[in-house]
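Shared between the two complexes below is chain A, which has chain B as its partner in the first and chain C in the second.
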Partner chain A sequence: MNISADLAVIQPELFVAIAAMGMLMFGAFRKENPARIVSWMGVGVFVVAGVLVFAGPSDTSLAFGSQFIVDDFAVFAKILLIAGAALSLILAVPYNLREGIDQFEFPILIVFAVLGMMMMVSANDLISLYLGIELQSLALYVVAAIRRDTLRSSEAGLKYFVLGALSSGILLYGMSLVYGFAGSTNFEVLAQVFGADESASIGVIVGIVFIAAGLAFKVSAVPFHMWTPDVYEGAPTPVTAFFAIAPKIAAMALFVRVMLEPFGALVLEWQQVIWFISLASMMLGSFAAIVQTNIKRLMAYSSIGHMGFVLVGLAAGNEQGVTGILLYLTIYLFMNIGTFGCILAMRRGGQMVEDINSLAGLSKTNPMMALALAIFMFSMAGIPPLGGFFAKFFVFKAAIDAELYVLAVAGLLTSVVGAFYYLRIVKLMYFDESAEPFDKFLGREISVLVTVTAVITAFFFIGLGPVLTGAQTAAAALFAA
Partner chain B sequence: MESFPILSLTTFLPLIGVAFILLIRGDELTVARNARWATLWTSLATFVISLLLWLNFDKSTADFQFVERLEWLPSFNIAYHMGIDGISLFFVILSTFLTPICVLASWKAITTRVKEYMIAFLVLETMMIGTFAALDFVMFYIFFEAVLIPMFIIIGVWGGPRRVYAAFKFFLYTLAGSVLLLAALLTLYFEVGTTDIPTLIAYAVPPEMQTWLWLAFFASFAVKMPMWPVHTWLPDAHVEAPTAGSVILAGVLLKMGGYGFLRFSLPMLPIASEQFVPLIYTLSVIAIIYTSLVALAQEDMKKLIAYSSVAHMGFVTIGIFTATQQGIDGAMFQMLSHGIISAALFLCVGVVYDREHSREIAHYGGLVERMPRFAFVFMIFMLGSVGLPGTGGFVGEFLILVGAFQDNTWVASLASTGVILGAAYMLYLYRRVIFGKLDKEHLKQILDLEPREIAIFTPLVILVFWMGIWPDPFLSVFDATVSNLLQNYQSAVAVAGPLNLAGR
Partner chain C sequence: MIIQALAFYLFAATAVASGVMVISARNPVHSVLFLILAFFNSAGLFVLIGAEFLAMILVVVYVGAVAVLFLFVVMMLDINFAEMREGFLQYLPIGALIGIILAAELILVFGSWVVSPEAAQILSAPELPAGGVTNTHALGQLIYTDYIYLFQSAGLVLLVAMIGAIVLTLRHRPDVRRQKISDQVGRRREDVIEIRDIPTGSGV
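Take a look at the complex of A and B:
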């Protein structure tokens, strides 16, 4: 037991934690409003943390009695979620300033949430998993309600808190069952126990199902999705953008690790559960989105649908599936940052508008924004050669490899239904007569981010090879043992 | 020519044109004018380069030519692999030939958002060529699907009053078919371990898998073709699309279905193809007779031609699945001649639509008095569509019927009724629009073809006669490829034949 070796492994987390506290001190003791500076400090922290993660140990290393693991999978997921958090923080800066919610606590809470997410991704024990989730969630509850003087935001925060607490309870209950029946909370020990024992006891199965349910809450998969539309709609838009990206990536990575590492040997026991929530999410995400008129609610259903597609990769339960998931999450990150950037630019007379119909005729009033949003929409619908197609291609490839033909075909067909509502936005922007134009000035940060993510989404096929290789290496780490 | 990537150049040259158009600055009129010229020159250059493909094409071999290969995702065995054979060569040229014609046809008809329109057409051209030239299934799928985006925009932005409905219907119908193709592609990929088309063609897919894969392929290609009963998107899309959109739709996009059958279904899944011949025959015969009758009852010119396309495509599917040299040659030829003739017919409708802004047949009558040149041109294409000997339409239909007779006399005789019905609805259309007295007040001042329109129609008229009188330059190109395809097909069926019967 060498403490300095352990600390070396958790270097990025250590840095983020100390930096967050430093930011808190800086904010608290500074006279004028430090929100803007602290926000950019947060972005800087993420950049450094990303570099530290990237430069970390190249082989799999454990810390603190194998509570904590750093492997290629964790590195890949961490870089993704840090990038997602950093980009959504950049989106938030001009918005918060304009809306008068530029408290310096906001970036600090985001940084703490990211710390929790990094814990989640690196968790190698049910206890450290739970610690990570709670650290993340508590920060997120507050962030959802950051605009505490409006009803909708407080409602969103409260709803998120109550349902999040419920899901944590379910998760804990499942964990206690697994611990009771298997005798350990450590992933490696659990994997050995289940790997040796052909048939799992019913108590373990129930425990796994509860854990899966708790995690499904976090990734907002059907039937545990109810909080998502309300929270997405109620929370301030940059917070919604953040919610749609970083926590989803972290929770999905955690979901994948939990299902495939400790419970990997029991794949036949849990596969049908994932199969069902995956299909249900894809279907609900597609059908329920059709009737939405609020763009943030639409994005909520869209993200439910996307999580369904990602879960197809998990249902496959093979290395291909994990590769597909990581690739999907990468593309999902860019599409969502870009789309939310566009949503943040939907302002008229200094007010946010969230009605989809206000996008009418955007191709005339703001052609570049319309083009970017059209790219994101076609990409989300999975039309080649845009990024979203490759995301779907590789998860469905994994499903076919695992001979889940019904899931693959049903999923592909729901993607056609999904295409309908994505196309509806394109239709509004390009086919309809123009409504009143949006305010011209978006803020430089947003235009840059939207342009960059649109280019990445449109030309993803160029960089597909290296990203795929990275995802493959990361996926291989989970199946190494 | 081995080292020079002439095929990629043909495919991606239009995108260079797009880059040029994006750089155009200035006021709206300047941008529009420059965009038109830039697009015209780009598409003409592409056409000329694609002719080089024909000139350097080796007719004696069934191998893929002008092959280019670049590693893209080596760990997944997916590559950028392009090449053409006798089946795809003319589709590539058809695409490059029709695009400049479309640009010319839209010269005056499109006045709003000209720049975007031209960009959409050039992107569409790249996607079309890519579809026919791709030798990797994933590449093919990417191009095949990507066609939807520009076409959706073209119909939806520059289309008629019900354009939104038509654009959605077009997009979702095609997408629904395509995702099943994607599922089949992934299954095949899983089975063979590569998406390389030549390798897939050489691979013998187990017979029990073939049925499902065939049905999934069928779902996609039948929608694209379109075959009865999934043809209903076509009349809507045709009616609402701008003239040039209809031209591309009828001229090239429909051929992707036939190309798919010839490139994928027949060579990769011969046993299932043989099994499903009765299904194809039934649907095709229904398509020919039913849609011809429907065409007879149309009041809208574009709708009439759209239904006639469905009927003509019915001939093509029969020809392909007769699995005889004549049948497939005929199907290929029919697709090419239909690509020219139906495109020309839509352009004819476009001519009067530009002047009168109506597609109603009843709106016209007696046009021959004011528009003799138009009446002449229209007559040639009308007769070509009917299949008059001496025009391109005849050769294809004749060969298909010869092929069908060898396989099934009933199908051949029923399909022949389609020829008669075709003559009926086309002549009836012609009589109502062109002949009769010019007694409608609003037609009294209508003008005949202008030089630009003559320039559009001249090459088309030449081609229709060329294909009808001397079809050999076309037939000889796909001869080797088709006979090779048939050889492999028949040996595969022969091997599986007894097994199959035992299974039943």
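Take a look at the complex of A and C:
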């Protein structure tokens, strides 16, 4: 066994792990408060890690007795989640300084969470999958409760922790059943075992359902979504932005790999489960969001709904579906970074405001921010020619190709309902009496990021070709095995 | 052979009995003590099947550290267990329903269990693997060679848990006086002691 060949495959993960420990040492031994500089070091680590992922092996390679896999799919997902984490960390810097979150461990925990996510995306074994999830979740629980002196943040952390532990238990139970019936935890062996015999035994199906339930919790799909609104509302806003993006991308990529690689031969057995959670997420995401008045809760329901749309692509279970999922996640990343940038700019009299009605008349007091937010809202509603339209288009097209007509129609109808609450925000900003203006200065980082993501979201169709090609190669890698 | 069988039944029966006592004892401290007894008996079972390393680890880690920690926690926390049991009847129906569903699932699952023909042979020869490696050695090979990736990942999970515990609980209080050993060692006689000549008889 050649260890250096293995190490070459896990180079990006190795770098991130060592860099995180280096940052920890740096922060612990520095005299003056290192929070700001460590945050920027974290962003730098993400940039280097992204380059390493990009420059990694071009063909599918396995490491450590095929517990770890790097293929085009993993590379695509890793670049997405690293970008999401880096952008949300940049959003967090001015906020943390302002609100007095001065623990330098914050960016370090984010880096460790990203390391866990990279391990999840590259997992090729049930055990490495579980360890990746735990590394990610444990860091996220702490980050949710980082403002330990406020009741809501501690509540968010505790709630996330208890429910997350429960979901890990469910996941492990399913994994043990699958291991017991298949005799291996390795994805390739599992795929061979399940590919060989026609009908899966009921124990395996119960195991798959439990695994799907555990992973559905991580992507906050209905009926495992209960934690999402409370955690999103209670956690500090940059943390919410981070939660809405990177972990969702990682968990969804993992979900896709687990369902299509080891259990790919059993697609008829799990398709109905995914079908149901997808439909339920789309419905709940659009109907429950209507009554929300807090913008962070609204974003929580919006992300539940988006995950429902993404799961449509998984329910399709074909290559177009996976392409659609990756495309959807790419656009979702930009829309969410921009929207959370706007939410971070909602500040009045030195206090964060989270009420949707406080956006009234924003077009008069801050026309640029209103325009950017309007672009994001139109895009989330899926109105052409903005990015969100293409995201939904490819996912639904895959569903129709897989003859899931009910799901596609339900998706279209729920996105109409969803359009109602997205457009309500636009209406508030442009047609209602203006409220007091927000505080002017919001940090250069935030305005730059909001502008850039708004431009990307608005003109996504220009870059659609390359992203689509990348997503197609990534999806093809998953089906080649 | 008969001694081995007797030892097995002794350990197994005691382990099961103390397991029952863990959940049925009224006093939580007794529960923890029964838990420790259960650990000891499981260690005995491990010795019987020739897994001496696991047996020792079980005693050292679980009895020596985890269970004793439990004991401290239980004794330190003033938990009113009578109050905790109050809502029991209220949740009984839904709890029973979930239990019945899970039991039905388990019965279905085990109904479809197929024991592979080789299983009996594997069970009858749990002895050392080829090449004369002891089982401690074999475990080491598994953990540090085959599963090094998972072992290191688990280490990272623990590191994050430690960072998290520190982030969430450490408070820097400015009014606390701490011992600074370097300052104490660096103290020179000249810095703190002043010698004055006082003329005799003049007083201080």
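The rule we apply is simple: the second predicted complex is superposed on the first by the 481 of 481 C-alpha atoms of A that agree within 3 Å, B and C clash if a C-alpha of one lies under 4 Å from a C-alpha of the other, contacts with A are read in each partner's own complex, and residues count from 1 in each chain.
Operating definition for what follows: a residue touches a chain if its C-beta (ideal position, glycine included) is under 8 Å from a C-beta of that chain, and two chains touch if they have at least 3 such contacts.
This is a predicted model, so every value here is computed, not measured.
After overlaying the two complexes on the shared chain, residue contacts for A:V206 are found with chain C alone; chain B is out of touch.
Legend: residue contacts after superposition of the two complexes on their common chain; A:R98 is shown touching neither chain B nor chain C.
When the two complexes are overlaid on their common chain A, residue A:T469 makes contact with chain B while staying clear of chain C. In the superposition on chain A, no contact is made by A:R36 with either chain B or chain C. Shared-chain residue A:R152: touches no atom of chain B or chain C.
Within the superposed three-chain model, A:P384 lies in touch with chain B and out of touch with chain C [touch as defined at top].
Once chain A of one complex is fitted onto chain A of the other, the partner contacts of A:L413 are limited to chain B, with no touch recorded for chain C.
Looking at chain A, you'll find no residue that touches chain B in one structure and chain C in the other.
Those residues of chain A that touch chain C in the complex are listed here as 1, 6, 10, 17, 21, 24, 63-65, 67-68, 103, 105-106, 108-109, 112, 115, 119, 127-128, 131-132, 134-135, 138-139, 141-142, 145-146, 148, 157, 177, 201-203, 206.
Per the touch definition, chain A reaches chain B in the complex via residues 363, 378, 383-385, 389, 393, 396-397, 400-401, 405, 408-409, 412-413, 415-416, 419-420, 423, 426-427, 430-431, 461, 464-465, 468-469, 472. On the side of chain C, the complex with chain A involves touching residues 105, 108-114, 145-150, 153-154, 156-157, 159-161, 163-164, 166-168. On the side of chain B, the complex with chain A involves touching residues 72-76, 116, 138, 141-143, 145-146, 148-149, 152-153, 156-157, 163-164, 167-168, 171-172, 175-176, 179-180, 182-183, 186-187, 189-190.
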